[in-house]
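Labels run A, B, C and D following the written order; every chain starts at residue 1.
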Amino acid sequence: MTIRVFVTGGTFDKRYNELTGALAFGGTHLPEMLRLGRCRLDVAVETLMMVDSLDMTDAGRRRVADACRAAAEPRLVITHGTDTIVETARAIAAGRLDKTVVLTGAMIPYAFGSSDGLFNLGSALSFAQVLPPGVYVAMNGQYFAWDRVRKNRETGVFESIEA
Amino acid sequence: MTIRVFVTGGTFDKRYNELTGALAFGGTHLPEMLRLGRCRLDVAVETLMMVDSLDMTDAGRRRVADACRAAAEPRLVITHGTDTIVETARAIAAGRLDKTVVLTGAMIPYAFGSSDGLFNLGSALSFAQVLPPGVYVAMNGQYFAWDRVRKNRETGVFESIEA
Amino acid sequence: MTIRVFVTGGTFDKRYNELTGALAFGGTHLPEMLRLGRCRLDVAVETLMMVDSLDMTDAGRRRVADACRAAAEPRLVITHGTDTIVETARAIAAGRLDKTVVLTGAMIPYAFGSSDGLFNLGSALSFAQVLPPGVYVAMNGQYFAWDRVRKNRETGVFESIEA
Amino acid sequence: MTIRVFVTGGTFDKRYNELTGALAFGGTHLPEMLRLGRCRLDVAVETLMMVDSLDMTDAGRRRVADACRAAAEPRLVITHGTDTIVETARAIAAGRLDKTVVLTGAMIPYAFGSSDGLFNLGSALSFAQVLPPGVYVAMNGQYFAWDRVRKNRETGVFESIEA
């Protein structure tokens, strides 16, 4: 079973630029994380963009949705900033694909050592293997259908909502 | 949904004793790992024993199997040393429980920083939520039915076998 | 021998605020770092301020210099942002104290795991014990008299200059 | 100023062998640690042996002492297991070299993430630059003349003793 992972940026892949003292993007940490997790799934990693969740545009969301549609694999994982992950999930769901799409993110950059990213990646790849077709958000050890979830900005936790 | 986690020891929870220079067990790192993963599942952690995989006895396996039977929760995760994780899975499977039981472990102790443990824990908790009743081993980002898997001792990787 | 450490902020003590996604200050990591280093020196840690190097004002520098003068201990270490660490060293040197004052900083926040901070702290505390009275900057494993050093902003490295 | 670092093994460079589950030696972590510390000293790293402190023999100590004598550099740092670091310091001191020799070690392997090794390395390299000729042990943020120190095996801390 091959799982395609689309990288879009977000906290997951943020790093610290020691010359400027600012947070920045470089290449994705996904391959390193898969090695660390001793992952033996057949995973194809593809970077679509490297943007903050708050900088994700409608055009960006269409690109992600189009990539999901075009992918040969029926099981997809997407790394995304958490602030607008639900909006991107909605844009993908509008395509009514016969695929299992799991979006995940991180509250702490993987590069910063004490990240939830590795836990979330293990979780998202696992849900992607066994959940039926649909669009889901996997965070906090849980999965949510795209239309039943919101991020609580005050606590940083994803919560169930009524559809 | 509550998931009960039984801790049995293994590399997962090994630590370094700086006074003796030897590997040793202390308390489990599970609660710390769940915090790091920002896990919001209802998880009940229970330490059954703290032993090396190679020191797990038949009596120990019966204790684990009995604990699985006695648990009120239908979804269980077990942390276990990887060398004999399949034997313990078999002992549990003999009980023909109507529960989803996912065993997982780690190749590197969580306490040593570059561990696969956090990835595996995210993976095991996720599989436990969605797989049908049965006994499984979750390692390397994958899940295996208990009677279709073996650990390759030379590569450290779990492989599918014919039942 | 007691060494007093004055904390002023800088990259050394930056952390990631997971709710805002921005870098921020909280309490200092010095006590944790001293524990990690198994430091058994008699160290008194005192936070003077928590500011970015670029936000350090002349008034702030006077506060640091006054604290150095007022300290009972003849050996002082100061953590400081690297961009203006030399300016603060100059302000302290103007006081012509009969004390050994060692300023240090970090290029990567300690909280981000792969920091130079722990190395620099071990270095600064060591130089502070053995260098004669004077004001020094300790970075990159080296020490420099305050009037013989500059930070190369392009490489992030401290370099010797003619006085 | 060039500092020569002789690597002899010890906890400093221990790593975890994930296939055997045992502690083992591989190559030294010194170059990686110097990079992490952004060290810009001219450091020449030379591995003499890779042994546990308790496996260091008299012949091994002679090799270390001979290497110190033969080194062109007048300032040397030696990484060594902590249990017999003082014995090796004594063997070097017997040579009455006109060099500054600083031995250091670690209570926790560098590879295990929460090590004191980086702190100790920063400390040892700093003491080596400024202490007068002699043989010293640098641990716990402090330095000790070779004949005034012992390791307290119960606390893991180095203590001053009367010469």
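FYI, contacts are C-beta pairs under 8 Å (C-beta built on N, C-alpha and C of every residue); 3 or more make two chains touch, one makes a residue touch a chain.
All of these numbers come straight from a predicted model, not from anything done at the bench.
Q: Moving only from a chain to one it touches, give the least number of moves from chain A to chain D.
A: 2
Q: When every step has to jump to a touching chain, what is the lowest number of steps that links chain B to chain C?
A: 2
Q: State the chain with the largest centre-to-centre distance from chain A, centres being mean CA positions.
A: Centroid comparison gives D as the farthest chain from chain A.
Q: Could you please state the distance in Å, as a whole number, between where the Cα atoms of chain B are centred and where those of chain D are centred?
A: That pair's centroid distance is 39 Å.
Q: Please tell me the distance, in whole Å, between the geometric centres of chain A and chain B computed from their C-alpha atoms.
A: From the centre of chain A to the centre of chain B is 26 Å.
Q: Counting only residues that touch at least 2 other chains, which ones in chain D make the list?
A: 107, 114, 156
Q: Classify the chain contact graph as line, ring, star, complete or other.
A: Looks like a ring, each chain touching just two neighbours.
Q: Pairwise, which chains touch?
A: Touch list across chains, by label: A-B, A-C, B-D, C-D.
Q: What part of chain B is in contact with chain A in the complex they form?
A: 33-34, 36-41, 43, 107, 114-116, 118-127, 129-131, 138-143, 156-158
Q: Along chain A, where are the residues that touch chain C in the complex?
A: 11, 16, 18-19, 21-23, 52, 83, 107-109, 111-114, 153-154, 156
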